[in-house]
Every structure is written in C-alpha cells, then in structure tokens.
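Here it is, the structure, as structure tokens.
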Amino acid sequence: MNDGSLSYRPINLGRWIIWGGTLVLFIVLPLIFKQGFARTLLAQMGILIIFALSYNMLLGQTGMLSFGHAVYSGLGAYFAIHTLNLIGAHQVVFPVSLVPLVGAVFGMVFGVVFGYPTTQKSGTPFAMITLGIGELVFACSLMFPGFFGGEGGISGNRTVGGNFLGIKGLNFGPDVQVYYLIAFWCFVSMIAMYAWTQTPLGRIANAVRDNPERVEFIGYNTQRVRWLVLILSSFFAGLAGGLSAINFEIVTAENVSALRSGGVLLAAFIGGMLFFFGPIVGAVVFSFFAIALSDITKAWQLYLGAFFVLLVMYAPGGLSSLILMNLRVMSFGKMKRLRDPYLGVALAGLTLLVGVVLLIELTYHLTLEAGGASTITMFGFPLDAHGRETWTFVIAMLAGGGLAFEYMRRRFKQEWDAIHVEIEDWARENPEQA
Amino acid sequence: MTPELALISALNGISYGLLLFMLASGLTLIFSMMGVLNFAHASFYMLGAYFGYQIAKWIGFWPALVVAPLLAGALGALVERFGLRRVHKWGHVPELLFTFGLSFIIVELVQVIWGRPPVPNDLPPELQGHLFTIYTTTFPISRGFIMLVAVLMMVALWLVLTRTRIGLVIQAALTHPDQVEALGHNVRRVFMLVFGGGCALAGLAGVIGGVVFVTEPSMAAVAGAIIFVVIVVGGMGSLAGAFVASILIGVIQTFGLALDYSLAGILRGIGVEVTPSTFGYAVWKLTIAQVAPVLPFLLLVLILIVRPRGLMGTREG
Amino acid sequence: MSQDNRSVTSALSEAGISGANAAALELKDLRKSFGKTEIIRGVTLSIAQGERHALIGPNGAGKSTLFNLISGRFPPSSGSIRLLGSEVTGRRPFEINRMGLARSFQITNIFQRLSVFENLRCAVLWSLGYKYSFWRNLNKLSDARERAEEVLRRIGLKRRRNIAAGLLTYAEQRALEIGITIAGGASVILLDEPTAGMSRGETASAVALIREVTQGKTLIMVEHDMGVVFDLADRISVVVYGEIIASGPPAQIRANAKVKEAYLGHHAEAA
C-alpha cells in the first residue's frame, strides 16, 4: 500500500488524554469483565505488553532484530520465583509487590553480561548470536536442575508475602489483585519506556537504526549505544518475567525457550514496530490468539502464523501502521470514498476466511479424531467431515470468496492509490504542512 | 571408550555430519546467492521426510526418494516466486521475518495433515541391517547409505556448478548479481531455481533423515538450530566451510553423547576429591554427555564473537 | 581571516615555523593497501588551521580513500595522521570526531526516518556533553534545540523542519548532509563531493553555504567541479594513483605542466 517510507506525521492528540484514558481503562477493565477467564486474559496481556514494548526498544527503536529476548525475561522470572520462595521460607524479608523488580534487576544483569558480546555485531550476525545464546541458555536449563528445576520447573506461592501494606485479604491470591499489581507495573513501565524515547539515548538509538555508520561520525560509539539499549530493554524484559512468575506461580524452561522469543517477536511485529503504541496493540492481539483462540480451535498457531506472514507481505508496518494510515486518510476527509471498497473487501474476505477456516478445521478433525465422530460444530452448525455436501460447500466458499476478494482488493487499491496521489499533490503544494 | 567404539562413533559422526551438510549446502547456496537466511530451510527438511513417508506408503521408498525432493523443491520455488520476491524489496529484516513465519506455518500444516505424534516412517528392508561388524559393535547400512547419497549429491552439485552454464551463472551471481543481470541473464528466474534447488536438497536430506531417525513435527526445530550453527561456524556463504563445520559438529555431537566423563571424574582420577559441597559442584559433576547438547551453541557464540566470518566465510551477513 | 593571512600561515607551516598553532591535519607517508593493491601510495600533506584545501584528481585516484583513512573509517596500512597535533592513526571514527573532525559523505548519509530537525539535533548532542543520557528529556534541552535551529536556519531548511529526511529533494538532502557535518562544531571539516549531481544554481547556493558555514574552520574537500574548487580553495592538492603529484595555491596548480597533463586538460582553459 505504500513504498515503505514514513509519509505521514503522528496525530497530535493531547498527551494527557491518552495517558489518563489508559490509566482509567486499566483500572476499570476488570470491573467490567468479571469472569475469571477475562481477568486472566487481561493479566497476561499486561505482562506481554511490557515484554513487547521492551522488545521494541531493540527492534523498532534501534533496529536490532533479536531471536533470543526470552533469555532476559525468563532468567528474570527464575530469579523472581526463587525470591518468592525465599520470602516464603522466611529467609528473606521483601515485599511481594516488589518482586518483579528483582526480575528486572537480574534481567538487566544478564543484559550487561550477555549484551556485551552480543552487541559487538549488528544485523544478521546479531540475530544469529541472540539465537545462539537463546539456545545455549535453554539447553543449560536442563543441565542445572538445582536452579532451573529440571523438567518440572520451579513453582512458588504468591501469597507468601502476607498482606500488602497490612491490608487484610490483600495477599495477591485472588485473580483481580494480581491483575492490579500487573496493571500498576504495566502502566509504570509504559510511561518509563515512552519517556526513554524522548531522551538523548533514545533519539541516538533511532539514529543508529536509520544509519549506524553515520552515528559514529557524529561522535557516538554505535556498539556502546546498542549495548546500553539492550541493558535497558532487558531490565523491562526481566520485569515482565518477574510478573509472569508471580502470575503463574511457576517458571519452567519454556520461559527461556525459542518459542517465547518467537512469540514476543510476533507480538511486536504484528502490532507494528514503527510506533510506540504498536507493540501494545500487538500484545493485545497476540494474547487473543494465544489465549482466547487457543480455547476454541487447535489450529490457532496456524492462524497466527498465517496472519503474521500476511502482515509481513502486505503490511510490514503492522496493525498500528494500518490504523494510522487510515486515520491520515480520515484527516484529509477522504474516508467516505473508501466506504464501499472496504465493504466489498470485507464481505469477500469474510467468505474466503470462512472457507479457509472450514478447510483447516475439517482437515484437523479428520486427522486428529480419525476414529471418532465425523461431525463437528462450526459457528453453531453441525458439519459432517466426511460428507460430500460439506466439502462442496467449502470449495465453493474458497473459490467464490477467493475470486471475489481478488476483484474487491483491486478496486480498493485503485481507490486507495487515487486518494494518495491527491494527498501527495497537496503535500507538494504545501511543503510546510506535509 | 574402546577403539572399535571410537571408530564406529567416528563413522556415525561423519555420516550425521554428511546429512547435516546436505541440509547446509542448500542453505548456503540460498544465502550466498540471495542474501536471505532461509529460516524455513529445516522445515523443508521436515517436509521431505513427511512427503517421503506419504509417497512411500503409496508407491514405495525408492520412487519416493526421487519424487519427494522434487515436490519440496517445487514448493520452494513457488514460495520464492509468490512470497519472498514480494518481500525482498523491503530489505533483509522482512525477508528473515517472512521465512520465520513460513517455518511456523509449515510446522503447523504438517501437524494438521499428519498429526502431532511421530509417524511410523520405517527404513525400507534394503536399508535395514548392518554393513559390517567390528567385534561386537555394528555399523548400520542406513548410515552408510547416508554417506553414499551425500557424496553423490556433492559430486552432482560440484558438476552442476562448475560444468553447466546455469552453474556458472550461479557462481557469478554469487558475487556480482547486478553485473549478471546486466548481461541479460534472468537473475530472478535463477533466484527461483536456486531457492527451489536448495529446498529440494533439504527435502532429499529429509527423506533419508526421516527414515533413519524419527519423523515428527519437532524435527524441524531441532535440525534448524543445528544447521544454523553449522553455517555460521563454517562461514556464511562458503560451501567448503559448511562441509568442514558439518563434519566437525556431527562428530562432536556423536562423540559427545557417547562420552560419560565429567570434570569431577577427571579430577578424581588425579586424586582431587570433588564432593557435593564443593563450590560449583553442579558444573563439575556434569558429564560430557549431558553437556553435549550445548556444545554446538557454545561453539556458535564463540565463533560469532571471535571470528564472525566463520571458519572459511567470505561475508558476515 | 582574509585570503592573504591564510596564505601566510600556510607558508609559515610549510617552512616549519609553527607559532602557536599545530597544523590542522598532518599526513606522513600514508599508505593503504586492499589485499595486494596499494591504493594510497605514500601521501604526505600538511594543512594549516583555517585553510580551505581541495583535493582533486581523476576517478579512482584514491581521494575518497584518503578521506576514509583520515576520518577513521578504516586504518592505514602504514604512515601517520595527526589531527590538531594529536595522533589519530587507526582510531575509531567516533574518537576522531570527538577530537574535532567531522565529515560528510559522497552518497548522502542521513537519518532517513528522523525529521530534518531531529537529524541536526542528534548531531549536536555529543558535543554539548549529553552523551548516553537516558534520563534527561530531549525537549527540555534548550541549548541542543537552539543550536539545531541555528544550523537549520543557516542551511536554509527551516521550511522543512519537520519533514522526514528521507523525503527531501536531492539538493535539500545534500544541504542537510552539510548541516549534520558542521552542527557538532568540529573545527576540521571534510566534505566529500558536496556538489555532486547538482545543477548550476544549486551548486552556487551550495558554495555560498559552504563558504559561510566553514568561516574560521579548516575545510578539506574533494571536488570534481573545477569552478567550485578555484572559487573556494586556498590550496589544492592533486591526487593521481594514490600519490599527490602537486600541491599549492590555485594559480600554481593551474600552471603546473604535470597536472595539466594528468588531469586538468581543458578545464584549465575554461576556469
């Protein structure tokens, strides 16, 4: 849809409105969604938001693609849960509400130690080193069962700290209390990480992303910049890990696995790495896939992967860039022209999607439940996985939806491009305001 | 460690290393040629195994040995043509992310079609049994077969690269893609062929690896990690380096798993007693066999820091 | 400083009478080989402070390589480089920059996604001492802002302050390139083909800009446009096959037979 360069300015909304609104949202959400399921979802979103934002400090802000970020969050989680157990055994006096900071500090320590050799290189070698260190730490986790707890991991109890500030019943046992703890740290982290983007190091990190060689010629040691950013990023990753330890009350080798590292990469990318709020969106969407969708269908990872690849191919700026592009069109008052094309694309796309989903779910059913019943229920309708009618329907949806989608997509693109040509022309005539 | 065990372990290590090389060579060619690190390469290895299994069920192992790699290669070519090519113009990060996402999708699709547990992908009767026996230790025919196919593949690859026109074009495009295009060769078609060819090689390795080892969805992740170590240690972009690194790592892993010595044991042998209360006992008591899984990654990290070009590489990436 | 004063200082430096100031840049028998090919084959040159010095020569002579050696992009194979009296041979670019040398690039090398203003602000941060600070709010650093605004005004891009640098026209990007180079306040400025690809009008503006922003500083530039060279330079060195075959004031170079033969050709008559 665009040529990859940023051609729009950020929308200038009142900063206080956004941050204040976010705070209100954080406070109010668990009161609206009272079910345990919803609250666990929110809690995990909060943790992933911190993790994904920390990841974007590396990727979106500084241009460092890491495949091993879970090392810092996972190691932070391990240290946090050990601390929790020390508190429980009365060997240490430390408030549970501050245990995430333990995770943060140790995440940072490893950021210093691992970060130094890692940031000696950049680009693809950097990505490879992070992958290597990730695999290294994961493999080590099975070698030292004393610290890592072997296959079963290390479990803990988050209520061991007694009552928070002495308030009766406030021991972080209930879901809603853990949620507010997470929400607190999440909000604080968001502010901190945002503030960082407005500091000298934050801006120079952007410069390193755009042109690492040139940065040296304005007086900055590029490697030092990368190392420092990694250290700060690993602090917040460790914080997320510490919260994860408290939330799940267990830490296993999976916390340092390549799967976790891949997950946060997906989350940050899906949301979009170009803007600060991108990873927040990505964390929310990813959580939906991983937690809500995984309950509905076993094929959720396939959907997630396909969604990710489609974004890479058609919207590498992620969902946040899509949102902002549309907001920009709106600000020029040209959104009405896209109403019909959008409708067309949506309907055709929905048809195609239903076909694809049916195809996947039916195939899954045939493979996994080979001996069982042959009917599955989709959207409330029973479908016979062996029935010819079912498959004819699926093929019809796929073919029809596919053709319609392609046609609608082209029409949409025409209109979209036309609008943007107009915008470019206007920008050329009004260079100060573009 | 008896001499015959050492010999058999060495041979096993070499055969495993040759299998790794079959995988690594395709990846190296793709990387040298297109600058793309194909994250999904190990997934094509897995596809080769599963295709081989399915086709063998229908028409037997030996035809499958030919058909499955071709299928994998065709799939790779399609992926390049309709996916990678689109993303190429945005740079290396999106390319890497694309192949990363692709590897994810392939693993999931395999599970949708064949299920999560390992499939009974057994050795065909011709490959069962032993090639030779030394005292009581045996060397399986299947391992020997791996070595045979790998050597044949290397010879064929060498012939194609040095004796055919397309091979020369590939060699030239390895270092000077723009000039090659200016000379009128359809570089994009060559890219597609190379990517497809690399995936076919991975598929071939998969057909064999699938029957010699286990065919299951996690084989892509396991192979993928090792393969990255191989090409980075060997030097990204160097076939010779990939060969040396494959053998090296194959041997290290095989030997490592067979050795039961620990530092504590060695120290005890020279009279130093190491007990559970000694500081760092957790490290001392580790046997080499326990440490073996970590060794390749340790090597990877070391090489990346000390000599990022790898043993024989020409590019850092 | 007037033209005459500069020539006197250069003459004094050449004669070895140093007075209070060391040479801005001193190259002694500089050599650089890439593999078996020797690109720079023994360059010795001394440039006085405040001098405007041009390096000219045919393509492939090694002028950009010389710049890369001086600015630390890669180390020389042998020989020494002294900047303002201090040894900088083999040092990293950021170290050399901190010691007072800044350079621009032949191929525009800016921070595409940052705005024009941010580009300039980044360029001043180190020289103002903010280093790797991650606790101070950029927008509250008034000295950084003012300095960036000043450079913005001088390079004539005030109207484009908030545009992403990647969206500027070619000539605007070249101006920004120069702006980033001088923003840090370095006293020795290296400009690599600053007017490359520019039209007549753009070149004239660029020359005026260069003259203004390098007042009181040492300027070393690589240029192919002889008009620009003879307009700006106090001294010219001619680089051919990695060696300096002539060095001196413009008139002397114009009259030099060796130079005419090797390089100037018809340019000498036209200039």
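A few points about this structure:
As written, the chain order gives the labels A, B and C, with residue 1 at the start of each chain.
Here is the rule we use: a contact is a pair of C-beta atoms (placed from the backbone, for glycine too) under 8 Å apart; a residue touches a chain by one contact, two chains touch by 3 or more.
Note that the structure is predicted; figures quoted are calculated from it, not measured.
Annotation: omitting chain A yields the touching groups B | C among the remaining chains. At the far end from chain A, in terms of centres built from Cα atoms, lies C. Central chain (C-alpha centroid nearest the global protein C-alpha centroid): A. Put simply, the C-alpha centre of chain A and that of chain C have 45 angstrom between them.
With centres taken as mean Cα positions, chain B sits 31 Å from chain A.
Chain B and chain C have CA centres that are 50 Å apart. Against chain C, in their complex, chain A makes its touches with residues 5-7, 9, 195-196, 198-204, 206-207, 209-211, 213-222, 224-225, 228, 232, 431-432, 434. Of all the residues in chain A, the ones that touch chain B in their complex are 4, 65, 117, 120-121, 123-125, 127-129, 131-133, 135-136, 139-140, 142-144, 146-147, 258, 262, 265, 269, 299, 301-302, 304-306, 308-309, 312-313, 316, 360, 363-364, 367-368.
Residue ranges of chain B in contact with chain A, taken from their complex: 37, 83, 86-87, 89-90, 92-94, 96-98, 100-102, 104-105, 108-109, 112-116, 221, 225, 228-229, 232, 236, 282, 286, 290-291, 293-294, 297-298, 300-301, 304-305, 308, 316-317. Of all residues in chain C, those touching chain A in their complex are 71-72, 92-94, 97-98, 102-103, 105, 109-114, 118, 121-123, 125-127, 130-139, 141, 159-160, 162-164, 166-167, 180, 183-184.
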